[in-house]
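Two complexes, one shared chain (chain A), two partners (chain B, chain C).
Now for the complex of A and B:
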């Protein structure tokens, strides 16, 4: 997943890449070709290519782990210090070093938790970090326009992500799910390396339609019919005793009305 | 009469021959009530005027006692005998006024759309008009209304209950626009001069008087003080007009002479002291700080050919009667200021000049509280204020507290933009669900972390893989992308925001959208009726379910009637609508079964 930012002129790209390395996902995959290292190397090549396209381009990488999110690389702050054996550009070396350290830290944070804990993605946290970074870059400049930040999403996996589809649609970004994983670099360079100026005349792939269905708050699955809290409009797929968003207790349902004639606290769980 | 009710002594008779029970009859706008004198009697009455149809009464001058006979809609009648004919007349007038109003309301409503109120719904005529106006403005709303309320699927109350926001918004738009002051200076009254009789006639209308009061506050004050205590209104205006005449002649000495004799005349001749104090206050509040930068461009003195050079030596000496000279410029400025302030008093509403003057005084008092913080204090206060103002003018930006951040306004989009995206869901469900995540085996978290670290060290050792991409794979990717982009372009059109809907013929599109809005409305009412607790809801739900089955059938018919090339697209669009309807009908049937199973045996009366 990547977040594009608008530089001062339209043809400059400030790319904030949010990589969701959700460990349980890798834990469940048993694919012998182990796509992770190749995905990583392709991503490194892609980032290099972005920096080559224009001298003023900037790249920032934020990694989302199991327990934390952090900045892995920032091209505007990079020094020219070269790691290791000089076999690869500074960008890759720095990034890999930082990534390794991040993984170690993340693992440390995860120690002590139960193995069977339901893991949830920290994508919202890293997206917030990305947006704050972009705002900071714009505020520090002499111009103070409201940046238009399109969110492009590249989904690698079996299913589809309604959330990313909606995010890309609403922010007029690009959403694409590559059909062939070994051609990932080509996809990245063709679709996601375009700057905002070029997008006016380039034909980028559009999804057939966007899945605008809501997801339930308890299981994050898309649903058509749900129970809704009448105050905060949180959506639940099954009947709950209290709203998980703000903790209010729901009134007794109609089935229980015969037993107790009590109409509750004014909050209601409605079906719809 | 202006009061809303009438109370009279009367005797209630059930027929003409009946001697009648004495008591008190009370009429107000909604109903009439009769309380007999004898509390134990059972002939208490309370009848709504809605059920009163007509009234008959005995004429004065005949030998009959004063009777009024009110007939109601069911054919019965209430007869009251009054003590005197004057009482009868009062009551009769009241009743006839109410009946007339009632007939006017009902006839105006009947002349509009058919059967809009229910007898148990108390609606004012204003609300009725509002609803009719809304229906006339929005044809879509009108269609829905006709279909549902006209087709007896929903009641009027239910239909409008979901649209309270529309009704509220309209009712607040009722303010009338008031006409302001004219820019013509009508306060500059010119008299008609009659050369023969040497008479000069001034004519003052209430409008002119209001302007005079607004522009000359000292005259206003004098009026409030002097009339009617010291002099009549006529005398006041005579004096005022005399002062105006003297001013017009520009004969300063004559003005001074007359002013010396007549105190009140002097009031009108010299300058307005209230205005003067106000101006002085304003001068004191002028910002003494200087914007040096901006001022540099204003230096007209040292540039040649700019500005007018003023030679003070040519000025005339001030005469001792300077007080009585009034300039056109002062009057013009004052008039302009008053016009711009706007009108606060409506002359039509006030009966006489005194009332106008008082109304103006009241409004000024209100304004004074709002506009100026009239701090008349010692000079100490004034200088404090000045220092405060200077501090404000020289504010340092970086020492300011942070400004509140601008909020992005909430943008709620039209639901129709998302209409055609529903077909994605249809496509997804139609695809076979074999693309689920492969949950084959599982590594533990530790192993996962270890594998990631291995991968990283592998890349570090070997460098980024070379070649980064296989040329055949790259070609395949390109072809795939091109194909998908062109096929989407073919299906959906070049415009990225163009929707599938636009490619259908107009008639089909309209029908589809109409069906969709109907279905939304039905589903809204349907789901809000659950859980069913009263028989009323039960009946409503049954009606809604019938309507939904009806629409379902209509959708099927529409699909069948289309040409084959459109049929696939339309069926994709229609499918989510049908799914929603199916879900609702299913729920209804399930609920029905549950109910009948639960109350299979005993069924208390009326409980559904």
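Now for the complex of A and C:
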């Protein structure tokens, strides 16, 4: 996500990269003879490019693992030492070292759990951490407004993520699903490296349509018409006698209809 | 300075206190800030006798934590919030409202803060509706009908609001009672009265009207702008609302914005019911259709009703063709943090920080700020009772006021709290 704020001019990018790519990566790393996934190397090139675009740009990377999330890299803390024989830039070396340590710790946390467990994302945790970091950056600025934080999302996967589409749309960010993963670096650099000032006059990819549908609480299926409990706002796909979340007992539909007819208002359709 | 001196010379033989009052008004704005704001009182001496500004952050944080504990106890006692409210805002436009004690005038200040309140209210209660009404010359008028779109209310508010005549609390209550009696049974009925007058001229017995409101389960709250009045206090006590009197402009803003979040719901006041709602898809850019709210052709940006496929411009709204209530899932998700509140964090005694080892305990888990002050003195920090991660004070406030998510609990699979079966 890129950040804007009155203390910071619009042409500076403070990028907090939340990587939710580690689950398949984790599996690949267990086999050390396989080469580094190319996606990771493209991402490193992208991060280096952001830092070279402007001296004041900052990059922070948060990794989302199978069992935990953690900070992997912070460019404001990085020291300027050369690593090894000087062939790898400091960013790559530090990031990869931290990543290895994170994955070892993550694996330790996962020991004892069933292997067949379906892995679901801990994205809410890493997003929360990212937002706390951004708040800290703005606290140290001269003014303390609520920063505008667009959430950009780049979806690398077979399906589609309705959640990421909604998140990017609501926060005025950019959501894109690259069609050809070979050209990932180009997608990242042309779409996601832009600062907020430039976005005013750049033609960035617009969403074809945003899926705002919800999932029902009983079957977790996506629905576009539902029944909502007036007490706790739980979503159901069919009429229930009792709410499963807080246990509120619902009034009978017909009796309520009569009650409203007596009052003579035109909202009978609401009971629909 | 020159102007002030000129005016002082012109006074001649005025009385001493009059002169002082007029002197105050003659002060330039920068002078007034020194006369009123005693900045030298915000200093204290440290151990070596040097002057230091008072560190207000610890005091502020302690006050904040007390408020938070109170709120959390309330939420945990299973007192749910009224998510679907029908809110009538009654503004008194009596002669006294044109007083200049709030700068630039009381009415301008009231209009500005009511606009902020309307925006904040719809932000926190997307499924609720507001209606505006005024009391002028002893008669109550409806300014806008109950509706879910903030723009129409704000437009009516920004029109010319002139003040005249006396106030009549009974007429105002009768009018809002008429409106709120017609709403569906699952909605909570709320009235907020902004009252400047020090009296009320009523055609009948106001106690009867108050009892009528109480019987109809209408919860009335009052924000007074002049002084406390018994009748307002009685009204609020009878109907279960809150009564407060604003001391100045900033206090008024605080009081009115306190009414924006969903209040505790009194269970008997509204019947639990299932409301049919639709979740529209957002149309693709470049699609052309006739929108049902403005009755004209529009390109792109819009939502399609899932039942009758009519196009609407914004959410939440009610479809004009088939009457289906249309919302988006983020609107509902906004209210879930009231149902699953985060526990207040516990204070960490500074001694414990010194014993801690490992990176995660010497830096805030949320923002990675160091929790140890320069010189290796441990600073103030708090810890989540569930995941035991340490956070700095600013993250504590941010997490509880805006984020509503503990990063520690959300980041670890094993400490993930068990939520209700379908938390989004």
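The definition used in the following text is that the second predicted complex is superposed on the first by the 198 of 272 C-alpha atoms of A that agree within 3 Å, B and C clash if a C-alpha of one lies under 4 Å from a C-alpha of the other, contacts with A are read in each partner's own complex, and residues count from 1 in each chain.
Note that contacts are C-beta pairs under 8 Å (C-beta built on N, C-alpha and C of every residue); 3 or more make two chains touch, one makes a residue touch a chain.
Since this is a predicted model, take the numbers as computed values, not measurements.
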Check your understanding: Thinking of the overlay built on chain A, is A:131 touched by chain B (first), by chain C (second), by both, or by neither?
Key -> second
Practice item. Check whether A:213 is in contact with chain B, with chain C, with both or with neither, and answer first, second, both or neither. Key: both
Exercise for review: Scan A:230 for contacts with chain B and chain C and give back first, second, both or neither.
Suggested key: second
Practice item. Considering only touches as defined above, state whether A:108 meets chain B (first), chain C (second), both or neither. Key: neither
**Study point:** First (chain B), second (chain C), both or neither touched by A:157
**Key:** first
Practice item. Report for A:205: first if it touches chain B alone, second if chain C alone, otherwise both or neither. Key: first
Exercise for review: Identify the partner contact of A:45: answer first if only chain B is touched, second if only chain C is, both if each is, neither if none is.
Suggested key: first
Review point. Taking the superposition as given, does A:221 touch the first partner, chain B, the second, chain C, both, or neither?
Key: neither
Exercise for review: Would you mind listing the overlap between the chain B footprint and the chain C footprint on chain A?
Suggested key: 66, 110, 206-213, 224-225, 253, 270-272
Revision key, fill the gap. Counting only contacts in the complex, chain C reaches chain A at residues 80, 83-84, 127, 181-187, 265, 270-285, 303, 306-307, 315, 322-325, 328-330, 332, 335-336, 339, 364-369, 394-395, 398-399, 402-403, 405-414, 420-422, 424
Check your understanding: How about chain A: which of its residues touch chain B in the complex?
Key -> 21, 23-24, 26-30, 34, 36-38, 40-42, 44-45, 66, 84, 87-88, 92-93, 96, 99-100, 103-104, 106-107, 110, 115, 157-160, 178-180, 182-183, 185-187, 190-191, 203-213, 224-225, 253-255, 257, 270-272
Review point. Can you list the residues on chain B that touch chain A in the complex?
Key: 418, 420-425, 427-428, 435-449, 451-453, 455-460, 463-465, 468-470, 473-474, 476-478, 480-481, 484-485, 488-489, 491-492, 496, 527-528, 530-533, 579-580, 583
Revision key, fill the gap. Within the complex, chain C is touched by chain A residues 66-71, 74, 109-110, 122, 124-126, 128-129, 131-133, 135-136, 139, 146, 166, 169-170, 206-218, 220, 223-236, 239-240, 243-246, 248-251, 253, 256, 259-260, 263-265, 267, 269-272
